[in-house]
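My questions all concern the structure below.
Each chain carries a letter (A, B, C, D, E and F) given by its place in the written order, and its residues are counted from 1.
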Amino acid sequence: MTDDHDAAAAMSFIFEAGVLKRAARTGWWFAGVKQPESIAEHSFRTALIGMMLAAMEGADPARVSMLCTLHDTQETRITDIPHIARRYLTAVPNTAVTADQVAACPPAVADVITAAVAEYEAGETREAVVARDADKLECLVQAVEYRHQGIDNVQRWIDSSRAALKTASALRLADAALTGQPLAWLTPPPQSADQPTPARPYRPLTGDL
Amino acid sequence: MTDDHDAAAAMSFIFEAGVLKRAARTGWWFAGVKQPESIAEHSFRTALIGMMLAAMEGADPARVSMLCTLHDTQETRITDIPHIARRYLTAVPNTAVTADQVAACPPAVADVITAAVAEYEAGETREAVVARDADKLECLVQAVEYRHQGIDNVQRWIDSSRAALKTASALRLADAALTGQPLAWLTPPPQSADQPTPARPYRPLTGDL
Amino acid sequence: MTDDHDAAAAMSFIFEAGVLKRAARTGWWFAGVKQPESIAEHSFRTALIGMMLAAMEGADPARVSMLCTLHDTQETRITDIPHIARRYLTAVPNTAVTADQVAACPPAVADVITAAVAEYEAGETREAVVARDADKLECLVQAVEYRHQGIDNVQRWIDSSRAALKTASALRLADAALTGQPLAWLTPPPQSADQPTPARPYRPLTGDL
Amino acid sequence: MTDDHDAAAAMSFIFEAGVLKRAARTGWWFAGVKQPESIAEHSFRTALIGMMLAAMEGADPARVSMLCTLHDTQETRITDIPHIARRYLTAVPNTAVTADQVAACPPAVADVITAAVAEYEAGETREAVVARDADKLECLVQAVEYRHQGIDNVQRWIDSSRAALKTASALRLADAALTGQPLAWLTPPPQSADQPTPARPYRPLTGDL
Amino acid sequence: MTDDHDAAAAMSFIFEAGVLKRAARTGWWFAGVKQPESIAEHSFRTALIGMMLAAMEGADPARVSMLCTLHDTQETRITDIPHIARRYLTAVPNTAVTADQVAACPPAVADVITAAVAEYEAGETREAVVARDADKLECLVQAVEYRHQGIDNVQRWIDSSRAALKTASALRLADAALTGQPLAWLTPPPQSADQPTPARPYRPLTGDL
Amino acid sequence: MTDDHDAAAAMSFIFEAGVLKRAARTGWWFAGVKQPESIAEHSFRTALIGMMLAAMEGADPARVSMLCTLHDTQETRITDIPHIARRYLTAVPNTAVTADQVAACPPAVADVITAAVAEYEAGETREAVVARDADKLECLVQAVEYRHQGIDNVQRWIDSSRAALKTASALRLADAALTGQPLAWLTPPPQSADQPTPARPYRPLTGDL
C-alpha cells in the first residue's frame, strides 16, 4: 500500500470525525434544548476532566485523555443513541464500529486507536475506569450548566451520571459541581499589591465587558 | 487545604473550560460563517488528529492527545484572538494564563497541566511538534469542509495552515485533505458475500436515510 | 380509567412528539449541515406533498396526510437512524415503538394511530405507497434546496430518494424538482390590467424587500 | 396543459412550502426566544394533536390532520403576522392567498387544497372546529415547553390559547398540559418480569444517556 | 407625569426595540437562509453606510445615522413584511406605528423620534434620500455576502436594491460591492520598514489564526 | 486617487463592518449563552438608547446616535475583548484601529469617522458621555432580558454596567429596567371609543398570535 493511499485512508477517518463537530448529544433534545452541545464538545471536556481525574487518582493523565477523546467516536456511524432507545435497538460492540472506521488506516494508526478503544470498552484498567468517570462527570456538569441557563428538566441526567461514578475523586468533583457556581472562576482572588509584574503589562482597554 | 477546597478549585477550572464549548473560533467570522465551530470542537479533532499523526511519526499518541486537548484552553480568558489582532494587541505568554487557571487546583492536577502546556508552548519535543501540526491540520481540514458547505473565502486559511506544517505525515495528510472528499467514508467498500457475520446481526430499519 | 387520566396520557404523547421539533434529521450532518431541518419540519412537508401526490394518483389525500404526519413519530425514542447505522444496529419494528407510545392513550386515540402506523409500515394500500413516496420526495427536494444553499455533497440523497420512488406522479415531481428553481414561485405571473380587484386592496408598504 | 407543466407548477408550490421550514413563529420573538420554532414545526404537531382530538371528539382524524397541515400555509407569502400587528395591517382572506398559491397546480391538487383551506377558514364543520382547537392547543403546549426551557414570559400565550378552545377534549388536554410534566413520557412504567420478549431483543449499549 | 413614569415609558420602548435583535429579515427565508440576519444587524450597518454616504454626498452624517437607526423600528409591531406580501396586506403608514410606540415617552424623546421618522418616511430632505439609499445598499451588500457564503439565489435582491438607489455615491459603492471581495480588508497593505512604531507594541501571539 | 479607488476602499470598510453582524458579544459566553447577541445588535440598540438619552439630557441626539454606531467598530479587528482578558492583553488605543480601518477611504469619510471615534474615546463632550452611558445601559437591559430568558448568572453585568453610568437619565432608565417587564409594551393602553380612525382600517386576521 502506497503512502498516498495510507494518507487518504487516514484523512477519510479525520473527515468522518468531523461529523462529531456537527452531531448533537441527543439526550438534551428530551430535556428541551433545541441546539445541544455537539459530541465533539462533550468529548473535549471529557478529555480535560479525564486528565485531571487521572492526576487525582494516580492514573496516567495522557492515556486517560486519549481514551476520552476516542470514547464516542463510533457515534459518527450510530449517532448518540439515547438511553430509552435501548428498549428498541440492539447494537454491535463499539469495538466493531471502530474496526470498520480504521480498517484502511496506516497500521500504526489503526493499532493505536483499536487498542485504546478496546481498553476503554473493557473498562478494566485504572485509566479506563477514570475515563468512564470523566464521561459521566462531564454529563453531570453540563446538566448543571443547562440548569443555570434555564432548562429545568435536568435532574435525571444529574442523578444517573452521579450514580455511575466509581472513583472517589469523581464523587468529590460531582459534589463540588452541585454546590458550586459556574461563574466562580471569573472572580479571581484579589491581586497582591506588588502586581502587575513586569511579565504582565497591564493597560486598560476601553468600552467592553 | 481540605479535600473539599481542592475539589471546588478543580471544578472551578472545569466550569471555566465549559466556556470553550460556547466560544467561537473567531477567524471564521471573517470568512462569513455566522455560527462557527467552537474552540472545544476544534480542540477535540485536534486531539484525534494528533494521536494519529503521533502514530505515523513515531511520537507518543497519548501525550500528543493531551497536549492538543490543552492547547487552546487559555482562550477562556483571552478568547480566540485572530491573526490580524496581533497588530493591535500584546499578550502575556499562554503559560501565564494557565498558571492563573490552575493556581488553586490540587497540586497534582496543576503540575500535570502546567507541564503539558509548557511543553506545547516551547514546541521542542517531538510530541509538541506533532501537536502543533495537528492544530494547523485541523484548521486546514475545517476550511476544506466549510468550502464544501458553500463558504468560498477559505483559501487563506488553507494556505497559512499548510505553510506552518512541519512533519512529513502532516504534509501528506494535508495533500489528502485537499484532494479528497469529506463524504468518502460514507461509502464503505463492498461487503464480501459471507457477511453479515453472526457478530453483526442485520435487520432492515424502515424509512430513513 | 378516569377522563383526567386519559387526558394526561394523551398529553404525555403530545409532549413526547415535541422532541421531533428539536431533533435533527441526522443524515444531513454527514452532508455538512450544522443545524439540519428537524424531523417535524420534514414530516410537515411530507404531509403536504403526500396530499398533493394523492390527488394526482387518485388516492385519499386526507388519509395520506395522516400517514405522513405519523411516519417518523417513532423517532422520539430511537432518533433518526442514518442508513450506515443499519450495519451496526438492529431495531424492533416501528409498530412496536408506536404501541408503547400510545399504550396509555384513550383507546380511540390509540386505535386511530396504531392503525395508521400499521398501514404505513405494511406499505400495501395505495395511500401507504403514496405516503412513502412523499417521504422520499421530500428528502429529494430538501437535498436540492441544500444544494442551492451551498452544500455540495447532496447527490447521494437525491439518487437514493429518486431510486425509491414508486408512483408515476412522484417521478414527475422529482424531475420537476431537479430541473426547477426553488424561487420560481416568488415571481408570480404578471397581473392583468383590471387588477387589483376590490377583494384585494393594495397600498404600497414602505422600506422593505 | 402538459403533464410536465403541471408537475412544475406543483413542485413550485412544494418549494414555496419549504419557506415554512425556515420561517419563525414570530410571536415568540416577543417572549424572548431568539430562534423560535418554525411554522412547519408548529404545523406538524398541530396535525398530530388534531388527529388525536378528532378521535376524542368523534370527528374524522384524517380530515383534521389535513386541515391542520394546511392551516398556516399562506404564511409563505404573508409571514406569521403577530396579534399586535392587527392594529396596523389589513389582510385579504387566507383563501385568496391559497388561490394564488395553487392557481397553476394540476386541477385535482388545486381543488383538494382549496376545499380544505375553505373548510378550515369557514370553521363550521366539526373537523374545522377540532383543527382550530388543535392550532390553539399546540401553541399552549409550546408555551409550557418554553417555560420549562427558561422563558418566563409565556403566560399571555397560554391564556389567549386556552380562552379560544371550543371542544371539551381540547380543554381537558389543556388542563393536562398545565399540570403535567413534559418529560413524564421518558419514564415508562416498569417492565414486567417476563420481558424482554423475543420480539424485542435487548442488549446493553455502552456509554450514553 | 412623574419622572419615574417617564422613565418607565422610555424603557418600555427600549425593551420593545429588543425584539429587533431577535427578529429576522424575512426576505432571506425565501432565499434559503435558515437563520437570517436580524433587523437590528441590518439597521446597524445601514447607519454606518448612511454616515459614509452622507460624507460623500455632502449631507449631515449624524442626522443620516439617526434616520437609519430608526428606519425599521416599526417592525417590532408589524414584522419585516416581505415584498410579495404587499399583494395581500395593507398597512397604516409607519409614522402611525411610531406614534403609538413613543406615545408615553417623555415629550423630548417622542418629539425627536417622531420628527426623524417623519423625515425618513417623507423622503424629501437630502438626509432622508441618503438614508434610504443606505438601506438599499446594505441589503445589496448582504446579498453579495450571502452569495459568498453559498446562497445562490440572491440576484433578485441585488437587482431590486440597485435599481432603487438614487445618489451617485451609492451607485459607485454598489459597483464596488459587486466587483469587490468581502475579505479584501483582511490583507492590509504591507507595513513600511520603520514599523512597528512605539505606539503599537507588537509581540507574537501563539497558536491561532 | 480615482473615484473608483475611493469607492472600493469605502466598500472595503463596509464589508469589514459586516463581521460585526456575525461576531458575538463574548462576555455572554461566560454567562452561559451559547449564541449571544452580535456586536451589531448591541450597537444598534445602543444608538437608539443614545438618541433617547440625548433628548432627555439636552445633548444632540443625532451626534450621539452616530457615536454609538461607531463605538465598537474596532472589534472587527480585535474582537470583543472580555474584561478578564485585560489581565493578559494590552491593546493600542481604539483610535489607532480606526485610523487603519479608514486609511484608504475617501478623505471626507475618513475625517467624519475619525473625528467621531476620537470624540467618543476622549469622553469629554456631553454627547460622548451620553453615548458611553448608552453603551452601558444597553448591556444592562440585555442582561435583564437574558434573565427573563432563563440565564441566571447576569447580576455581575447588571452591577458593573449600572456602576459605570454617569447621567441622571441613564440611572433613571436603569431603575426602570430593573423594576420593569420586557413585555409591558405588548399590552398597549385601551383604545378610546372613537378608534379605530379611518387612517387605520382594521379587519381581523385569522389564526395567529
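As a convention for this text, a contact is a pair of C-beta atoms (placed from the backbone, for glycine too) under 8 Å apart; a residue touches a chain by one contact, two chains touch by 3 or more.
These numbers were taken from a predicted model, which means no experiment stands behind them.
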Chain labels contacting chain B and also chain F: A, E
Chain whose average C-alpha position is farthest from chain A's own: E
For chain B placed onto chain C, the superposition rotation in degrees, Cα atoms, nearest 5: 120
Equivalent interface positions on chain D and chain F, same or different at half: different
Separation of mean Cα positions, chain E and chain D [Å, integer]: 34
Between chain A and chain B, centroid-to-centroid distance (C-alpha), Å: 13
Touching two or more other chains - residues of chain E: 26, 30, 32-35, 80-82, 84-85, 87-93, 96, 100, 145, 149-151, 181-183, 186, 188, 200-201
Interchain pairs in contact, sorted by label: A-B, A-C, A-D, A-F, B-C, B-E, B-F, C-D, C-E, D-E, D-F, E-F
Residue ranges of chain F touching chain E (in the complex, touch as defined): 3-4, 6-8, 10-18, 20-21, 37-38, 40-41, 43-45, 47-49, 51-52, 54-56, 60-63, 65-66, 69-70, 73, 76, 90, 92, 96, 100-101, 105-106, 108-109, 111-113, 116, 141-142, 145, 169, 172-173, 175-177, 179-186, 188-189, 199-201
Complex interface listing, chain C residues touching chain A: 19, 22-24, 26, 29-30, 32-35, 77-82, 84-85, 87-92, 96-97, 100
Footprint of chain F on chain A - complex, ascending: 35, 145, 148-151, 181-183, 186, 188, 200-209
Residues on chain E engaged by chain C in the complex (per definition of touch): 25-27, 30-35, 71-72, 80-91, 93-94, 121, 132, 135, 139, 149-153, 156-157, 160
